[in-house]
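Just below sit the structures, each encoded as structure tokens.
Look for chain A in each of the two complexes below; its partner is chain B in the first and chain C in the second.
On to the complex of A and B.
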């Protein structure tokens, strides 16, 4: 396997994207973004909306945080401030995007904007920014990682939303309704996604 | 006064247990429970962060403007989490390598923000501190019980020590230490807890 640094730009971009979306799915293998996933995945529509918002925000904030970390925190020796910096960047970014969308397009605001405040506390976003630091990524590769991670989350939550809509009418034991059965669905999906592992190794 | 503290403690541990009752903060509940040692460090971090965040938020509750209280709370939480992160890195670098990102994710653990918002912003500092402790302990109790089961089933070990004569009679369920095992375990445990709650409410 050729190391990432020797690959062509496009190849490494594609590889990181696929690995972040499938083999290392942020929801199914890393357990992040579970709270909002359990809360929002009752319907396909809302799942798709939140998923799309997450893709957008993770891609942008992972790139932003990469720049802040490499060119501000590291040179100044402020590595230990990364947690607080990342969360502030994410909170500020979502707030800003919400304001812009509200001003520009009412339609987009209704479909996407209402999910943005929810996203600040979605651990998948912060998680992607933190996991990104474990690997020696370049700027574009970090962007690919954010994009892929967001896409993986989108994929997982829309599938879960679809399954939950189907089993809505099923008769379940009282205690299993809601979070219980959703966790079992997610567990079975995680089993399926294990099939992807070993396909790519970075 | 003492009885009210006991009540807060009991609520946090059982009645309003954050994981069963509110299904909050389960990201880390799933991720770090494959080994008991990891879990213990994580629990320590969560207890520390909920208790002190609650205390601080409660001290400042009359000084924080309503509009910006979310961001103030996040900054308070993040400062405590940073301390824990540095501490764990110094004490147990091996464990930090594995749970490091998840320690950072305590910031977005909804339990802490939830308690700060629901309890600390309306109560005096000391009860808030106790409430934070109780919620942290309730959370830890669930995490530890999941971790014990997963580690024993998955590796046949507990805290890294093998069960007696493990190789003779124990087949390791590797699936239990992989992600699906975590989901199934938590599903089963919430099922039991909720079934009990439903019965209690019916009475």
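On to the complex of A and C.
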């Protein structure tokens, strides 16, 4: 396979996006971001809202954290501080975006903004920022990785939300209601997503 | 090594400071809505408030207290107000609590409406009389194994004006990691006792407020409540009364009956049915017997539903609704005053309707 550096910009961009979204799905292959997924996936609307917020935040923070890592942490020899630095950057970024959205558009705030505090400390977002460092990505490729990772999470939570809405009326054994059945659904979906693994290797 | 530590600590510190500074600056610049005006009830009051916080807290700062049990988290839906102008869109938190008719009528949850611009709102006139009181607990007297009576001396404001039957919202203090909450309790003292207030509170297992009252609140301690709220009070008709309440639901009835005695309302016969499980759940027996002796218009009927047969109890037995039905086969000219759990109220309403009481003559205060 051609190494990433030799590919055209668009090809590498698309490849990274697809691999982050499907073969390496952050929720179904890595099991990150589970808490907010369990909490918010009761309905499709809210799943879509939270998923969209996650796409936006992962894309922006992975780019932001890439810059912080390359131009602050590496030159200072502090790359072992990346975890704590990334958390702080993500938290500050989501807070800032929440404020801006609230001021700019009430409609956008009601559909997206209210989820931002929920994902301030979401592990999926931190995970994407950390995993991005495992590969020798360029700035744009890091952005694509964040976008793809966020899209993968969006896809997973909207599917789970849709399934949960469907089984809402079904008679379940009492011990399985709510998070119990959701974990089983996620497990089955994760099995399905294993089918993607190995399709793309970068 | 030392340099390494210094660099990393310095970096983290700088990082935190820069980001915190940025956020503070952003909050000041972005979330600054300036002064907004809230017009209450078409000019009855015009408030100038700092924009940015919720309508509920902005009104509270200006001494208008909208009832709220959850403290502004959008889960009790008590704080409904009509927002004519400037409320913005209905948010996802309040959506489930508003019926289509309420949406049509511009009803919103005050805790979920953020003051971003000038507002025009309408609230019930009674709420203008509501204040937040600071009081000192005089005593906490156990009435049964799970019911206490609180007596408070009002400090600030020093007097309260209310109608017998109304309720106040008690604010619990924070304890053991549980937040302060507000819960409604009916007033059991009489309106003429202006500088004191009494409440009858039953312990709710794991309840945030009642656990605080039972386990943490001490005599002499200061506490806060707001009120009076509610529309449960004696009507001004001449109809005879049937009062039904059990446990801590007795509070408003106890207040109404003594208020009638003080005001000299003697032409309306009143019967109070006190439903309880066993004899250990009864309280104020002597007080009610005394009232019965002093007031020929009043009769008191305690009834036990789970008292063992051989206990020597000579009063009424059975469910309180059955006792009422037995005593008043024809209730068509009476008025009923009920206070208690939703289940008990619904059962009582059904029995009274069956015995001919028109629905508009039944007044109740449901609490859960």
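The rule is short, and it goes like this: the second predicted complex is superposed on the first by the 202 of 202 C-alpha atoms of A that agree within 3 Å, B and C clash if a C-alpha of one lies under 4 Å from a C-alpha of the other, contacts with A are read in each partner's own complex, and residues count from 1 in each chain.
Just so we're on the same page, contacts are C-beta pairs under 8 Å (C-beta built on N, C-alpha and C of every residue); 3 or more make two chains touch, one makes a residue touch a chain.
Note that the structure is predicted; figures quoted are calculated from it, not measured.
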Q: Return fit or clash for chain B versus chain C, each positioned on chain A through the superposition.
A: fit
Q: Of the two partners chain B and chain C, indicate the one touching more residues belonging to chain A.
A: B
Q | Superposition-derived angle with apex at the Cα centre of chain A and sides reaching chain B and chain C, degrees in steps of 10 | A | 70
Q.
Tell me the contact category for A:131 with respect to chain B and chain C: first, second, both or neither.
A. first
Q: Please indicate which partner A:81 is in contact with in the superposed arrangement: first for chain B, second for chain C, both, or neither.
A: both
(Q) With both complexes superposed on chain A, which partner does A:103 reach: first (chain B), second (chain C), both or neither? (A) second
Q: With the two complexes superposed on chain A, say which partner A:166 touches: chain B (first), chain C (second), both, or neither.
A: neither
(Q) Which partner chains sit in contact with A:89 here, chain B, chain C, both or neither? Use first/second/both/neither. (A) second
Q. Chain B to chain C: minimum CA distance in the overlay, Å?
A. 5
Q | Overlap of chain C and chain B interfaces on chain A (superposed complexes) | A | 81, 84, 88
(Q) With touch defined as at the start, can you tell me which chain B residues reach chain A in the complex? (A) 23-28, 30-31, 71, 74-75, 78-79, 81-82, 85-86, 100-101, 104-105, 107-110, 113, 175, 178-184, 186-187, 190-198
(Q) Show me the residue ranges of chain C that touch chain A in the complex, using the header's touch definition. (A) 4, 7-8, 11-12, 15-16, 19-20, 22-23, 26-27, 30-31, 88-89, 91-93
Q) So in the complex, which bits of chain A are touching chain B? A) 28-35, 38, 80-84, 87-88, 91, 121-123, 126-127, 130-131, 134, 173-181, 183-184, 186-188, 190-191, 194
Q | Complex contact set, residues of chain A against chain C | A | 46, 72, 76-78, 81, 84-85, 88-89, 92, 95-96, 99-100, 102-103, 106-107, 110-111, 114
